[in-house]
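Each chain gets a letter, A, B, C, D and E, in the order it is written, and its residues are counted from 1.
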Amino acid sequence: MMMSQRVREILSYYDSENPGVRSSIARFLNHGRLAGTGRLVILPVDQGFEHGPARSFAPNPPAYNPLYHFGLALEAGCNGYAAPLGFIEAGAGEHAGEIPLILKLNNHDLLLDEHDPMPAVTASVRDALRLGCSAVGFTIYPGSAYRQEMYEQLREIAEEAKAHGLAVVVWSYPRGSGLSKNGETALDVVAYAAQIAAQLGAHIIKVKLPSSHIEQSEAKKAYDAAHIPLEPLAERVRHVVQSCFDGRRIVIFSGGAREEDETLLEEVRAIRAGGGFGSIIGRNSFQRPKPEAIALLRRIMEVYSS
Amino acid sequence: MMMSQRVREILSYYDSENPGVRSSIARFLNHGRLAGTGRLVILPVDQGFEHGPARSFAPNPPAYNPLYHFGLALEAGCNGYAAPLGFIEAGAGEHAGEIPLILKLNNHDLLLDEHDPMPAVTASVRDALRLGCSAVGFTIYPGSAYRQEMYEQLREIAEEAKAHGLAVVVWSYPRGSGLSKNGETALDVVAYAAQIAAQLGAHIIKVKLPSSHIEQSEAKKAYDAAHIPLEPLAERVRHVVQSCFDGRRIVIFSGGAREEDETLLEEVRAIRAGGGFGSIIGRNSFQRPKPEAIALLRRIMEVYSS
Amino acid sequence: MMMSQRVREILSYYDSENPGVRSSIARFLNHGRLAGTGRLVILPVDQGFEHGPARSFAPNPPAYNPLYHFGLALEAGCNGYAAPLGFIEAGAGEHAGEIPLILKLNNHDLLLDEHDPMPAVTASVRDALRLGCSAVGFTIYPGSAYRQEMYEQLREIAEEAKAHGLAVVVWSYPRGSGLSKNGETALDVVAYAAQIAAQLGAHIIKVKLPSSHIEQSEAKKAYDAAHIPLEPLAERVRHVVQSCFDGRRIVIFSGGAREEDETLLEEVRAIRAGGGFGSIIGRNSFQRPKPEAIALLRRIMEVYSS
Amino acid sequence: MMMSQRVREILSYYDSENPGVRSSIARFLNHGRLAGTGRLVILPVDQGFEHGPARSFAPNPPAYNPLYHFGLALEAGCNGYAAPLGFIEAGAGEHAGEIPLILKLNNHDLLLDEHDPMPAVTASVRDALRLGCSAVGFTIYPGSAYRQEMYEQLREIAEEAKAHGLAVVVWSYPRGSGLSKNGETALDVVAYAAQIAAQLGAHIIKVKLPSSHIEQSEAKKAYDAAHIPLEPLAERVRHVVQSCFDGRRIVIFSGGAREEDETLLEEVRAIRAGGGFGSIIGRNSFQRPKPEAIALLRRIMEVYSS
Amino acid sequence: MMMSQRVREILSYYDSENPGVRSSIARFLNHGRLAGTGRLVILPVDQGFEHGPARSFAPNPPAYNPLYHFGLALEAGCNGYAAPLGFIEAGAGEHAGEIPLILKLNNHDLLLDEHDPMPAVTASVRDALRLGCSAVGFTIYPGSAYRQEMYEQLREIAEEAKAHGLAVVVWSYPRGSGLSKNGETALDVVAYAAQIAAQLGAHIIKVKLPSSHIEQSEAKKAYDAAHIPLEPLAERVRHVVQSCFDGRRIVIFSGGAREEDETLLEEVRAIRAGGGFGSIIGRNSFQRPKPEAIALLRRIMEVYSS
């Protein structure tokens, strides 16, 4: 496949990596309706594990079936599909080679209330390889008392993944006893969490859209001194992109719970304006009938490709 | 052996697995009186470890002898027999090749009261291979503070088992400080526990029959919004089956303590009506004289094969 | 050596094991004055570690010397000798091939009071192999908060030992915060501890002689319902033997602290009458002058061979 | 390259090491404007991880870009550049072979307040090798309740690094519940921390400049008895150098937060006078415009080369 | 070299070990002024790590230099020299093959007050091999809540060391919440600690000289019953030697902090009279000018060789 100029540029940011890793990153950038644009829309479906099956799939019962999500990602023209081991195993054979896959290697459930969450490692790099995936996904919770353990698990997984030519996608979600509830999406905290993921060697970083709140007082001094703009959202996106090695690491954003379509599209426009690389759209797509989901995903992709 | 259409269909759900794993799953589906029907009745005998020898075997003293259970499973025509290391070692040589075996790889005793139970790993995939077993069994307790550790042990065991062509059977029993006593069998919790086992890569999932209670308030909203029926039992079974990848994973149900035969058969009929794949019948079979046990098991099998 | 009918029968219980393991078990059954009878008297000397040197050896100072115990076991005609790494290393070279040895792989000292004891692993299967031992010994404390850790250590050791043709001897001593002091020797608890050792894959199980106390209320219901006799001692021995796979696992009994000879012999008669496989005699033998110890051991062996 | 007499002497201190390690140490001593002098000025940039991106880079926004720091170290003529995995990966390809690199293998963030800090291991010796680094860097916190864990991680890493011909650089920063805030830079504590790093096998030791405070009362007696001078700063530097095997291990000093240039240069003169091997200059260089940073670094190098 | 009768006898105690281990033990027995006598005086210098550099070396500043201690041990004619990794690395190259070395594999610092001390593992068997050492040294603290962890670390290290032909030297220092301050040197506790080291497979055991205090009440009964003499010191030494397998394991004694020379020599005479194998002399030698240290060490050696 011909590489676009932009994809070639993005790949150059990763020139310390072996050709296997660079090929895997390229696979996401060159798949689907946004192929070649340097932008990404990815479908993630790990809510069955993270929130339970009824909360995730009862709003749109066909989504109980793992094959449904492969179909949705393919039909909508997403750049890739991310899910835990069971969901990937249940469709990787039937859809082998059709779409770049991200195997989520850790997961967390809600059957116990925890102040400092710690996901379980639920799959391996070897699982990703035998299932034909192009990347592994891993969640870290900066702010949790167990964050060191997560960073060390990621270190080991990332080293093994890179040695085997897989891309490393990190979900960096600040959470835990080090942070207030508002702090989880504070601009300083989200930017810090993105930086940590980048320093840990992530190729693709996924964070939540930041609010204009600043959580840490030492950070506040720096934001004030440097007059870092807190509004509008596009400026906050720009700051997070800057915090990811000045734009030399792919960073994508998630919305979270179901939102009004217009709100969501507004956010996508801000991500695009701020230099973000794209979106990860889960509940907003698979919790509605497939035709509606495809329509929405296409509108999002149009924003990114415009 | 000729594969029935239904067995062929079930095996197709596992088409990401190697032929070794698919052959092992097929061995259970094609053994005993229910061979070829896509339904399963399995004899599990781990109560000697889980509850102690007298509580388990004194009601029917021949059951102290490990050879007894091999005989019972064979004579009744069960699809397989599951037990801990000692019980399997004590009969695997004499009955080599006669019935598909599940080696239970973790176990828990009652000699210490615990709020958050954590079983010990008591056997390995290599033990299962040297003893000629077709599957490994593993118990997880979603809701326990140690659940992550169990999930990670299962992850490692499942990867090794699959690489060696063994099927993976997961007992998913919600328990621990995250749940009320009623919550352990609540519909939302049982469905969530089944989903977790499926996402962890289980081939066969074993849960308790769910009550109509809903434990978690966030889940309750989803059940109400989607009008998920809580009655009768067959509907709850159907919801659990749906939560196991829309029926694309084998899920079987257990009753628990000894019950009246009619109650038990009523439950079996509900499992069948709700699309469940079968039953696991322990204390209700081995705690009565063998002829009575065989008679009961055959009545159960008749329900499933009708 | 010609195998007696009884030894051949006992070995048949272990027919899932490789010939190496069965040969090692046979070595104990075919050594010493009880060779061929299916009964065993074993000399264990781990008290130097467990209680300290003066408490163990000052009553009979030649016993400070590790060679003394090899000599005692040989001269008395015991079936085997068990000790920790240091004691075995100090004599295995000089007495190579003279008597079947059990290397105790874990030990516990009394220099810190603990509610929930946890022994340290102090030697390995590889140590046992390089020292020419026929078995490894391992202690578990069912009832301790650390029991899972012990079970898992045993699991790993037993798998390695069996793969290398060694027998596995388990000391199963209920102890810890799950039990009252009386509960440590209660019949239900001793039987449960024996069952756990058997389920963990032990070839030879060593427990204390049980009292007629029943510790757990759930167990009490089962004992009452089944009218399991609590008296005399021989009946309790029979129940423990039954709890070890209906007599299909070798179970031997220890007395503990020094006792009157007649009391001890009375116990031995009860073990024999109840179908127990033999005794493990430590402090009652090495804490008296060697001629007296040999005389006592021979009287014990006479009971067993009569 | 011709070895100067001084470099040859320093290398002789490491004559138990293999030629690979000695070559790696030589690479730092023979690079940049101080090549051959036996003195070192190193650029470390781990503050993005340790303090967050805005606090680190907002004062000089080009520093968000990882390539910036490679350029700064090269243009200023530093002996080496040290950073975490992400920053090294982002430039090691483009600048391969241009400057000796130190991959920092552990890092710590500030998203949770901790009394006893414990960094996470965030990269490996194998990462250092694949990225063309000449050394690994590792931080220990003597005084933390987790120090043993850090020492043991360092032990393992140092053994692997030396076997592969890499130099080992240790940041030894006293911190944690064993020390008062003043104690972290107390002369006795800094000297003790330097000694620990040396005994752990570090080739290059990095400590903070010590104050004249003495923290531990037992140490105070020794300082008083031996009349160890506490003033001026050069004497304290001399004591730390002596504590690093009497000058037979390379020890360099850091300033910490941004300071007035004159203060900084005064400290550098004291380091030189006291026999220190050099400086590690982070925030004082990369938090100002590049030309100013280069000017300052050159003035520092002039002190060392004079 | 010709083996003396006594050395030959001592080596016969270790006849379960491979020739590599026996050669390493012989190397200590046949080196220095006490070569061939069966007695040992060893120089240990780990105080830089254990107490800090100023407390250790300020009384005699040349001792900051690691080469100083190699020279001291050589000139005084010690049987061996023991130190942590850094000190050994700093001189092993220059003094290769000149004196038998003991690499201390674990160490503990005083920068945090602890009730139950736990040393860090700071070097490996492979380090000992690459540095040309004849033995590894390891400290255990019987009485500490972490003693099991230390025993298990020692188990692993000892197995690896023996397989590679190295001798195993164990410092057994009772300490921790299981003991009173006086109890740390109580006769029963020191004898118990020596026995534990021997049972763990140590070849050479190093303990402190015991006081006449008896710590544990159960032990007291045994000491009273057997009339074990508590005075004079030589009798207590004899009891410890007896507790080390009746003299079939090498046990040496340390004095501790600096003492009057006459006191020290009195102790040495008691060690000799009680059958001890020698002394380990640290602070009493390296904290005074070298000529004085050599003079003292020679007087000690004269006692042992007389």
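Going forward, contacts are C-beta pairs under 8 Å (C-beta built on N, C-alpha and C of every residue); 3 or more make two chains touch, one makes a residue touch a chain.
Everything numeric in this text was worked out from a predicted model, so none of it was measured.
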- Message: So the centre of each chain is just the mean of its C-alpha atoms; given that, what is the distance between chain B and chain D in Å?
- Response: 58
- Item | chain D-chain E separation of Cα centroids, rounded to whole Å | 36
- Item | Interface hub residues of chain E, defined as touching at least two other chains | none
- Query: Should the pattern of chain-chain touching be classed as line, ring, star, complete or other?
  - Reply: ring
- Query: Can you list the ring's chains in order, from chain C toward chain E?
  - Reply: C, E, D, A, B
- chain D contact footprint on chain E (complex, rising order): 48-49, 51-55, 58-59, 61, 64-67, 84-94, 107, 109-113, 118-124, 126-127, 131
- Which of the residues in chain B come into contact with chain A in the complex? 13-17, 142-145, 147-149, 151-152, 155, 159, 174, 176-179, 188-189, 191-196, 198-202, 216, 218-219, 221-223, 225-226, 228, 239, 242-243, 245-246, 248-249
